[in-house]
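See the structures that follow.
Okay, so chain A shows up in both of these, paired with chain B first and chain C after.
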Partner chain A sequence: MLAFTAKRLGVALLVALTVSLITFSMIYVSGDPAIAIAGEGARPADIEAIRKFYGFDRPIAVQYLDWLAGALQGDFGRSYTLRQPVADVIFARLPVTMILGASAILFALVLAIPLGVLAAVRPNSLADRFALTLAVVGQAMPTFWFALTLILWLGVNWRLLPITGSGSWQNFVMPAIALGYYVTPAVMRLTRAGVLEVLSADYIRTARAKGLRPMTVLFKHALRNAIIPVVSLAAVQFGFMLGGSIVIETIFQINGLGYLAWESIQRKDLPTMQAIVLVLSVIYVLLTLLADLLNAFLDPRLRVS
Partner chain B sequence: MKRVGLIFVGLLLAACLVAAPAIAGKKDDTLVWATDRDNPVADPFYLNTRELVVIGHHVCDTLVIIDPNTAEIKPLLATKWKWASPTSLEMELRKGVKFHSGKVLDADDVVYTLNHAANKDNAIANFALLSWIKDAEKIDASNVRINLRNPFPPALAYLAGLGFIMEKGHYDSAPVKPDGKKDFGAVKANGTGPYKVVEVKPGDSILMEKNADYFKDGFKGNPKISKIKFRTIKDGNTRAAELMTGAIDWMWDVPKDQAERIKANPAVVVENAKTLRVSYLQFDIAGQSGQKFFSDKRVRQALAHAIDRESLTKNLVGPASVVAHSPCHPDQFACSSDVTKYAYDPAKAKALLKEAGFPDGFEFDFYAYRDREYTEAVIGDLAKIGLKPKLNYMQYTAFLENVRKGKTPVAHGTWGSNSVPDVSAMTAHFFSHGADDLTKDPEVKKLIDEADSLTDPAQRKVVWQKALNRIAAEAFWVPLFTYAKYYAFSKDLDFKPTSDEIPQFFAAKWK
Partner chain C sequence: MAETSLPSAIGRAGMLTAGEILAPSPGALLRRRIFRHWGLVIGGTILAGIVLMALLAPLVSAYDPYDQQLARKLIPPIWHASAKATWAHPLGTDHLGRDYLTRLLYGAQISLLIGFSAMLISGVIGTTMGVLAGYFGGRLDMVVNFIITTRLSMPVVLVALAVVSIIGSSLTVVIWVLGLLIWDRFAVVMRSATQQVRSREFITAAQAVGCSTARILLTEIAPNVANHLIVVATLEMAHAILLEAALSFLGLGVQPPTPSWGLMISEAKGLMFFDPWLISIPGIALFLLVLAINLLGDGLRDVTAPENRG
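On to the complex of A and B.
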């Protein structure tokens, strides 16, 4: 188990490093950052001064290593435009994105697990068809379009919920639905498949034979076993939501990490972009690692390979 | 399943029962305006965005101001001024003007601010626009002298645009950045303007409050609306939704199709107004890109005749847009449209191409960065006369880099002149052999240099006319059209758009 953990940890670290290196290089492919910072209408002399000031005139490799050395000590540098240490900015915004991610995954689980169980208990019934339709629609519908539809109905036409901001819990209702719905299908199908499989297992027959009530069999015996892979899927999806909330945060104007990422890309705020990518990829990699270890712990067969 | 559904419906109902409406509108006497850009500081010298120019004109005052309706220079903090010599401007200050801090404005404040801005080391964001200032000196408590590096006749227009006056010592309290330099933009805003900054939430909003002590009978009048809040809302559809629900009161840069849809909403007013931005085609005259077609005047003229600019303005840009004939905005001082005009005439365009030796047209690279639909309309017209433009559409930064390296045979650019209503803010920028000049015509430069050394407006106009005549006759550029902007705002708001793109919220009121 220890060797397995060490190996996974090493791979996770390499993934995070590679991601940061790729982002760093991509910034330069999309144009001169000094021109971007100077803004439209700036004169060449101003641009040259900015290039020197921020050290963009140094070789890219030197700039990257310089940044990496700082990052390893927890110093992500200062944001060019926000005029604050990047670490402060990120940790101020992280909770908002966490709340959004957590409420979205909660919405997904609350919707998907009961539907998945229902579909498994009565395969090919009307309920199963309904669940399948919901899954297909959720997978096919672009998130931004769904978000705008929610805004149109819940925000503009019925005036039930505030459209933008992150000041109260009501602000999170629409974004959580929009973000959570996208992962609902995967969770639902996995629950359905798991419960279906478990329901045909011998110990379920035994439980039934003992004369337990059908509900007890379903929830205490079947679901508990079927839910294990769902838990690890949810962990990975949670990581995906933190990184994938850019669109949702932008549409609902939520001041989280995803929105900060989008802003930083537009402003060519290199230190902030770098740090966000690193933080998000580390979180994602950690969650994946956690899921891996959890699975390995639950299923010894995985440890051998 | 049932239970989940019930919980969900319950949550929604609970939300609607306690949902507090956002503070905005007539009822709260708070005007909320929103754009897609975020403005982490409130100092117009230290962030180069349109929003901060707008906020700057609300929080601070300039020495003089331009009346956007007549393009005339009007008094603001200075009541009188005269040119003591072509490089020396003397100004008398208004008496009894107070900063938000309570201090009374005097010559020391003006001298401090202008010297701060004119010092390159202080790195104000738009340094180039005030770099003509050599220094400023105090004559007495209410008179100052501004010394120029060289004669610069449009000086007053630039002072009016960006010469925001701060209190003496304003930047002394600036925090020091880790690199040892001072972070001037981080200082709390303090001006003499009709509104004062109350709160800055980086990435979210800037709140201003009415300045009850604002001086009477000035150009800006007395502020009427209690609070003005700027908000960043990235997504255009979200902004429109917020406007329709009354969570914001004002937005601009609305795309034409969306403007036409919003118009149907009875709570919203939509207006199309002109702006100083001009769209143009710039040619690689010297052939440095390796595609030498555009060194030939007949080819350039062919392109000018091939584009149906009239239809572009009418069908795509908006009713307030007009065709441009000179590389400047017709509302700018000395920008004349009385030059060689190239009417839409595809047959003539084809004949010119044939004459130049390209009866079947040719393939070339076409660079653009903004408003793709306009670019594609231009390309469509060029294709009709047999040309094969290859579109390279990119971000502004990459576009500018390519232009400056001479890699663009044809560049479809736009220029907003930093809202300065003077021909020099655009034509001189592109034709005085600077980084953005791909023409580098010695004769045009000579004329521009001559024109911009004359302080007499009438004489200046005459020489500028000659420069513009040559540019048009040689078809160095194909000026396309002026931009028009769609504004959308609450029907409760009494607001008039101006062509300088500096919305005057200080003059707005509730109906």
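On to the complex of A and C.
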């Protein structure tokens, strides 16, 4: 387990380092970031001044190492437009996005796991077909349109929930549904497949032969084993959601990292943009690492490969 | 139908049983499976309909998608209980008086064009990486795996938005940015499919008779991983279409006045409380297109490999 952990940790570090390199080069895709900041029609003298001011005139390797060294110490430079350190802004907004992501994944799990189990216990039944239809429909629904439709019905027509803001828990209900429903099909399919597979295992037959109640067999014996891959999927999807929350946060005007990302993209605030991409990527790397380790801890067979 | 099984049957004993004469060919069996799969039929029909409407847009609609008639703005669709609703504009007009049906039809062209092109680019990248990694294994496989892991750890929507905003958005930029970002599923699936095929006997046989690597990859591996490729291609096309719509919705995809479904929803956002049909119509169109492509992909997977169902 120790060797496995060390190896996975090494890979994760290398991935994080590569991501930082890509994130840094991102501002160079257009050639010259100074021109991108100055905008069209800027005078050459202005572009030159911007280049000097932000240090774009230094060799690229020096710029990267300088930026990386700062990032490692939690210093992402100063925001171009917000006039304060990027790190302060990011860590002020991150908890909001975390809460949104957590409620979204909770919504997805609460909906998907029971449906998946139900579909597996009675394959090809009405419940199974319903779950399958829900999965197919869910995967085809554009997130932003679903969010707008929720606003229209729950917010305006029925006046059940507040439309925008992030003040109370009620503000998070619609965004969590809009963000979480997209994950439900994947979780449901995995739960269904896992439970189906486990239910045909020998130890389940033994448990049934012992005369245990069907519910005990299902929850104590089957679900416990089938749930392991679902846990790691949930961790990975949580990472995806943090990245995808930009659309939802923009629509509901939730003051999280996604909204900050959108604002900084609109204002061409490069340091903030880079820092958000880096932070979200590193969180994702950590989540997949945790999921891998958890899986290997629960299932020793995985440690070999 | 039975001609394929005839010669072998005669050659064997000179006698035919009824079952052998009537046995359908593999192609006929496949055709039968396709038409019995309701998801595949529905998905294929809707998709064919949308493609046809997009291609024939100038014939279906007499209007120009860019033509603004401010005197006739915000006419509701025909099912709306309003005196303004007219058959001249079956789906109504938008806030600038442009015919909504026409915008919808030309928007389908944009969605299909971006989805298909981005899928092609990502397909070439991902398939090359996946097949090479799966066939050669070893160090190359480790490198490809690492690249895939790195790509997966970066948030797609965010990176796409950032890059498009730095370069400046246009149709070509959106296609290339999406194409260069969403190859991961191609690489993952093609890698494992190639690994499975590589361990089969006919590959060893081809190697033993001295076939070149290029020949083995093209004539032995490629036909056997093609069905996986088609399935991933459909799913990724749907993915690209949804991403384009999201980018355009956030104002960083296709630029106005080009008709794009995501952009139509974005433009109507401010009016949705008064005229909700402005967002429902392009939203439902987007939903139907993605649903059709997904159904087609799922159906093709079931039909070509029924044991993978579930």
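Details
Here, the second predicted complex is superposed on the first by the 281 of 305 C-alpha atoms of A that agree within 3 Å, B and C clash if a C-alpha of one lies under 4 Å from a C-alpha of the other, contacts with A are read in each partner's own complex, and residues count from 1 in each chain.
As a convention for this text, a contact is a pair of C-beta atoms (placed from the backbone, for glycine too) under 8 Å apart; a residue touches a chain by one contact, two chains touch by 3 or more.
Everything quoted here is computed from the prediction, not taken from an experiment.
In the superposed pair of complexes, A:T81 makes contact with chain B only, with no contact to chain C.
In the superposed model, A:L152 lies in contact with both chain B and chain C.
Look at A:P214: by the touch rule set out above, it reaches neither chain B nor chain C.
Shared-chain residue A:T250: touches chain B and chain C both.
By the touch criterion defined above, A:P142 lies against chain C but remains apart from chain B after alignment on the C-alpha atoms of chain A. Contacts of A:G10 after superposition: neither chain B nor chain C is touched. Contact with neither chain B nor chain C is seen for A:P95 once the two complexes are overlaid on the shared chain. In the superposition on chain A, contact of A:K268 is made with both chain B and chain C. With the contact threshold set out at the top, residues 30, 33, 36, 148, 151-152, 156, 250, 262, 268 of chain A are in contact with chain B in one structure and with chain C in the other. Contact residues on chain A toward chain C in their complex (touch as defined above): 11, 14-16, 18-19, 22-23, 26-27, 29-30, 33, 36, 136-137, 139-145, 148-149, 151-152, 156, 189, 192-193, 196, 239-240, 242-244, 246-247, 250, 261-262, 265-266, 268, 270, 273, 276-277, 280-281, 284-285, 288. Remark: chain B residues 1, 3-4, 7, 11-12, 15-16, 18-22, 38, 40-41, 47-49, 123, 125-128, 177-179, 183, 185-186, 202-204, 232-235, 237-238, 241-242, 244-245, 247, 394-398, 400-401, 404, 415-416, 418, 434-435 touch chain A in the complex. Against chain A, the residues of chain C that register as touching in their complex are 39, 146, 149-150, 152-159, 161-163, 165-168, 238, 242, 245-246, 249-250, 252, 262, 265, 269, 272-273, 276, 279-280, 283, 286-288, 290-291, 294-295, 298, 310.
Against chain B, the residues of chain A that register as touching in their complex are 30-33, 35-36, 38-46, 49, 53, 78, 81-84, 110-111, 114-115, 118, 127, 148, 151-152, 154-156, 158-165, 168, 170, 173, 250-253, 255, 259-260, 262-263, 268.
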